[in-house]
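Letters A, B and C name the chains as they come in the text, with residue numbers starting at 1 for each one.
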């Protein structure tokens, strides 16, 4: 069986990070499915998903990694062509990837105790995001 | 239901990038499935998949990121052992990952407007690649 | 159909790398399923999965990449708050990601000849890990 749900959120950009674990877990529970996988996907080229221990220190360290690997304070060819200033956002999002897949068993996500599902908006302006939550199982 | 398809392409290596969105979308549409997920997988240790806005600026910026994180112009232990000169290709491909999973709804990929499925060949010589397209749904 | 299995292993941390291909392939074969996808997931915020050519040169090169992108020898805000010394482990694991999805056909993984499934433990102390192997198909 396949069940499609969505998570809507307001994101500020500039590596704005959101803990969406509760929403994903709720959709899985409400699906009524016992075992399977849930894929959370961002239909966007400037945001991404992963898992992390959602505490301010780890989040700050993770953001710094991207500041160093794809700093906003340098030239980007994307910016020279499109003048929207989010060249670094594109590189970061492509590196981290647009989806995360988490197995569930007996209706519960198999996340570790200190592991949460993280949505990161790398873009440079605030916007609404609507993530796809595709739940497959039996 | 599970439907297996393939995408064959000729890749030049050296971070040669291919927009395979149309092929993936076609296979999903032709599967006749309504909702589910499609996993595109490269059976290779020197190529990878993600999504990106497929325009020359963003592609060049993304390539530069890999030139900096895993430059070809430095020693690699893989090269010292195997003398095939693609040590950086292995590090890059392992970092970015061999697969991408995209949900589909009503037979259409849930990609964003400016988001395409990207295949990157990080190897150092041209070759044919045959990607696995695994479509699951109902 | 959905079949849940586990892989248990002892990991030493400090980018300790394990080739788990044989275990994943065995679970898929024993599932009796013909075609589908297998998702291997680590329920942990300090370990990760990808694929790589599992030979000592490529593994050393891959570890060096993380030593440079998220060196242990620098301050981390996570460490300042929690004093567990694994700030770099969190950043690395979030970057690489907690899961890998591999299609299988006729009961066999579609991996390339030189491509193996890699588990990396980025934490700083030895521990047992129990990975989730979620097999879906028909």
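Just so we're on the same page, contacts are C-beta pairs under 8 Å (C-beta built on N, C-alpha and C of every residue); 3 or more make two chains touch, one makes a residue touch a chain.
Note that the structure is predicted; figures quoted are calculated from it, not measured.
Undergrad: Specify the angle of rotation obtained when superposing chain B on chain C by their C-alpha atoms, rounded to a multiple of 5 degrees.
TA: 120
Undergrad: Between chain A and chain B, two touching copies, which fits better, same or different residues at the interface, with half of the numbers shared as the threshold?
TA: The interface is built from different residue numbers on each side, given that under half of them are used by both copies.
Undergrad: What is the distance in Å between the mean C-alpha positions of chain A and chain B?
TA: That gives a centre separation of 19 Å.
Undergrad: Hunt down the residues of chain B that sit against at least two other chains at once, touch-wise.
TA: As it turns out, chain B has residues touching two or more other chains at 69, 95, 97, 101, 136.
Undergrad: List the residues on chain B that touch chain A in their complex, please.
TA: So the residues of chain B in touch with chain A come to 34-37, 50-53, 55-58, 60-62, 65, 68-69, 95-97, 100-103, 105, 110-112, 114-116, 118, 136-138.
Undergrad: What residues on chain C touch chain A, complex-wise?
TA: Contacts found on chain C: 1-2, 4, 39, 41-45, 69-70, 76-82, 87-88, 90-91, 93-95, 97-99, 101, 132, 134, 136.
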